[in-house]
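The structures considered in this document are given below.
In the two assemblies presented below, subunit A is common to both, partnered first by subunit B and then by subunit C.
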Partner chain A sequence: MHQNVDLVIDGSKISGRRGETVLDAALRYGICIPHLCHMPTLTDIGACRLCIVDHIKNGRSKVTTSCTLLVQEGMVIDANSERVRGLRRNIAELLVTQAPNSRAIQDIALRCGVTEPRYEFRSDDCVLCGRCVRACKEHYQAHAIGFVGRGQERHVEYPFREKPESCIMCRACVTLCPMSITPCDGPMKSGEGYFCGKCASLTQAPQYEAGDCTRCDLGEGFDCSGHL
Partner chain B sequence: MPKIASFAELKAFGEQITADRDNEAILMTVCGGPGCQATRCHEVAAELRKELDSTSLNGKARLRVTGCHGFCEQGPIVVIDPSNIFYGQVKPADVKEIVDRTVRKGEVVERLLYVDPSTGKTVLTESEIPFYKAQTPTLLSQNRRVDPWSMEDYLAIGGYAALARVLAEIDPEKVISRIEASGLRGRGGGGFPTAAKWAACRAAHGEEKYVICNADEGDPGAFMDRGVLEGNPHSVLEGMIIGAWAIGANEGYIYVRNEYPMAVEHAKQAINQAREYGFLGEDILGSGMSFDIQVARGGGAFVCGESTALMASLEGKVGEPRPKDVHTVEHGLWNRPTTLNNVETWANVPAIINNGAAWFAGMGTDNSKGTKILALTGEVKNTGLVEVAFGTPIRTVVEEIGGGGRNGRAVKAVQTGGPSGGCLPESMFDLPVDFDVLWEKGSMIGSGGLVVMDENTCMVDIAKYFLKFLQDESCGKCVPCRIGVDRLLEIVTDITEGRGRPEQIELLKELGETVAQTALCGLGKTAPNPVLSTLRYFAEEYEAHINENRCPAGVCTELVEYSIDARTCNGCGACLKACPYAAIQGRKDKLHTIDLELCTKCGICLTTCNDNAVVVQ
Partner chain C sequence: MANSLDTILEGRRSQPHQLIEVLQDVQHDHGYLSREAIDTVSESLGVPVMEVYRVANFYTAFTLEPRGKHVITLCKGTACHVRGANPLIEQALGLLDVGEGETTENGLFTLETVNCIGTCALAPVVVLNGVYHPLMTPARLRALINRVRREEEEGTGHA
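Right, the complex of A and B next:
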């Protein structure tokens, strides 16, 4: 079996490594597909759905997450079709109105083209991306935190609500959390249902262009710039 | 019981059973399905048994308690054969008369006969009842012919003959090509071609392969899978064994919804019997094939019916879906090739082998073959389980089988496909029951739920109800479903409570599309259907709520007011006594009025007033 496969992402012919995901291959080539729950070296769970792409096959295109899609020979991927950008913007809008205090998520939202969110702001302090849970489990084999509950009740917690012995207070979970990466003092003061505008990223980021990397804070947090 | 070791032995055994039974004169069949249990059919059955035991009838008449016949509306049901007399809504006190007159003397107990509400005529036999007449019973009709506890009953109707034939003379590949020729598609919701799944699983690499029967059935109001598994468990086992042969699997699981203890019990005892007779275990019917089945109880959540969540749950993990970019036919249960099919899908398999692929493909439409069991519920006269050939118009199901709207009210819509299905208006009732047609129109067959709605139903409220169900059942893993469905619900709730804004209609559509296209699993992908389909066909109801602050059906409490019509009120005072909030005033024989400050819109006065003087607007 060949180690490499040829595929096309956004019109560029690239060489993927068998077994890697479309997202990893794209990032390696500097094609930035927005993503949140994905982190290099952690198992992908496809939770945030930001990394969706159009997978074009036999003339039909299917929306799927690039972090869970393995590269295949001859694959054609459009990561920035109009449809995908629209859908991605709508997902980012859901995320940023759910957790508007996260600078990282504001960055993503802006980059995905969210300008005027159409939902009332809420103030969740977790978007359930699972980066902390997986880092704790996969990097440190500590299993000190996990997801508990279903649906609206789902949240991250210690097993049996008590800090287990296995937690060595490494703080990896906090470092990787999109909520804690450069927290802003937030728009969520009572009566303020809009972005406060204090975030430099919000006022200074350029208009989003396909493939344009804004060097967002989230990226720094998980070392995505290393790819570029 | 002796093990049956070959096709020939099975045939001889089956013939022997039928021969032994021919001389039995009278058979009384009591439906013991879930609907009839609710109306206490077991008391009727116990009474019948007592009568039989205590009189000289022992040996001349036999009692059989079976699985669901479908006509739950009429339960408890007693059918007397060979004359096929049908008695509905039988009470324990009626039993003596049935035995004395019908069983002993061959007379008919007129008052227990079914009265056709559309003609007002009494109907003597089961086969003449309109509810049954418009159906195409192939699976469900077996239910009334077998006692689910009796292997002999199943063998007497030709049970396990398909398995014996397959093992003796049909190669696995040929089994798959027969299923392919039949056009069988999965009955669990997706309508995936069964043969393609089997072929992919057969081709997948791996020593160990599994077959699983999905009996999780979490849709509210649905009980077709329960009906089949409880009523005729051997048909499901036989289908699974044939499937295992075709795929090359040695182990099987039946994943049963936790709330179905009786289905669990019936499946377990059927498995034990099948082992005793040699249909499960080592060297089945002398073919060299080894295969066994276990029953597992469901994780208790709706989403556990989704294929990847179900397999995670079987492995003892949290029942949560995972991305399906890698298919379960290759990497399923414990990462091994796995074929998952629905109860009804499996139960169709023996019939296809017995009667031939052409017989099966002869029923239905171009791309939907065979029959489908539907759970008919809602505002329709006859509710219950019905089985129709694909291609049957929805109108036939609602009007002929269902008998039309309850209490003479006009039927407005049907909701098909379970909680994440869609609503279709009455003007589209000529559409056939068909996987692809319904999907194109924004609804689906799903697992077969069909809820009839009349003019007293508010379609916005319906969308809200199903969204709430789906929001509760979402596993919460992915953003579009967890947050997106929550936002859809938030907006729809706004609309039903008078806070809707015109631009929210477009937002609902756009968000609905986004969730449908981007959610991780089937639950999220279909969750916007209730709101998208009602927006498509009942936009005027949304507009009335938003623009005029009015709920046309008078359901959304925030938008209605209660009053008493001065012309109809006769001053009886019934409402005044009934109102728990003392919101009604009026003196005896004088007009009564409602104090809107105190009224909580609970609706009690509405149901109390005999003269329909209470008005909701």
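Right, the complex of A and C next:
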């Protein structure tokens, strides 16, 4: 039996289950909060920062990731305010310039209202979302890949740069990687990253607002339906 | 060596939370974390190799490569930076002909930089084999390195 708590997201009163995150509760009610690193069956680590919301408490507001924020009684959450959307657009801009070679990331950036990224394209092909690392660790208990290095040098790597025996080549890491979904015009060459934005017309439905989820195929596995 | 690893792991087996303490002891006794040591620690504590490797890689206190006989640590914290750590680093790099974090070909020196060693009043600080040398200047650093080299040549250097 779930213990329920009442909270308000974007003015809608919803009933959350104690122990679940704000993001999970919102998705269950069809309130779309853009997200990338979140996966229903994995521990949330708040890596991509896309799911930021405004948590209003005692008249003060605090922007935090909804995937790591547990529901509480009487919570007031703003997931789509001007401020949150602005911050989220900036995060999406950073993500798309870091790794433009992915339709999933291009789509998310477009939906978050990016029009012309102000940052230099790095084309690193990894946004350190950690989906691969966590799937390997939590789904398969293989611990074959992990984050190595710190700061700018942080990257995903095998221990000692060699494929360990625990890797059974299940390729879950590849399947779950946002980079596995190539842009519509084919993979980008290294150093030639660009912001696509071609499907802007598709997402500009009459009531379309940046941050809304129109639930097209936002890269298989990256949609807002809350299912895998 | 294998014996010492056994001693370190004594009473700590199957206790994953002891990971960092064990790695610190291994680093202290062996001078670096060898692949074999990491494999043994991983097996004994019940922590996946990836996790041990990740932790060993994250903290600058751990090194995965064997280090030289003498370890020179240059502080480049704010205070040291302001009071002239950069000329010191350049001096040391030039004198030893190595990059940051590298060991000289003859295995005598390892040059490391750290972000702060917490003795800002003594800035700029250079640590040689655990001994702090405060208020360093490029000239004094040169003298220090030359002294160690001379001692090594004469065979009077202490390990």
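The rule is simple: the second predicted complex is superposed on the first by the 186 of 228 C-alpha atoms of A that agree within 3 Å, B and C clash if a C-alpha of one lies under 4 Å from a C-alpha of the other, contacts with A are read in each partner's own complex, and residues count from 1 in each chain.
Heads up, the rule we're going with is that contacts are C-beta pairs under 8 Å (C-beta built on N, C-alpha and C of every residue); 3 or more make two chains touch, one makes a residue touch a chain.
The structure presented is a predicted model; accordingly, all values stated were derived computationally and were not measured.
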(Q) If we overlay the two complexes on their shared chain A, which of subunit B and subunit C does A:K13 touch? Say first, second, both or neither. (A) neither
Q: May I ask you to decide whether A:R60 touches subunit B, subunit C, both, or neither, giving the answer as first, second, both or neither?
A: neither
Q) If you stack the two complexes on chain A, which partner ends up touching A:A47: first (subunit B), second (subunit C), both, or neither? A) first
Q.
Looking at A:P164 after the superposition, I want to know if it touches subunit B, subunit C, both of them or none. Which is it: first, second, both, neither?
A. second
Q: Mind working out whether A:R150 is in touch with subunit B, subunit C, both or neither, as first, second, both or neither?
A: both
**Q.** Common interface positions of subunit A, toward subunit B and toward subunit C
**A.** 147, 149-150
Q.
Show me the residue ranges of subunit B that touch subunit A in the complex, using the header's touch definition.
A. 301, 303, 318, 322-323, 325-326, 471-480, 482-484, 486-487, 490, 507, 510-511, 513-514, 517-520
Q. Can you name the residues of subunit C that touch subunit A in the complex?
A. 35, 38, 48-54, 57-58
Q) How about subunit A: which of its residues touch subunit B in the complex? A) 44-50, 52, 63-65, 68-70, 86-87, 90-91, 94-95, 98, 118-119, 127-128, 147, 149-154
Q: Spell out the residues on subunit A that touch subunit C in their complex, using ranges where they run on.
A: 137, 143-150, 158-160, 164, 166
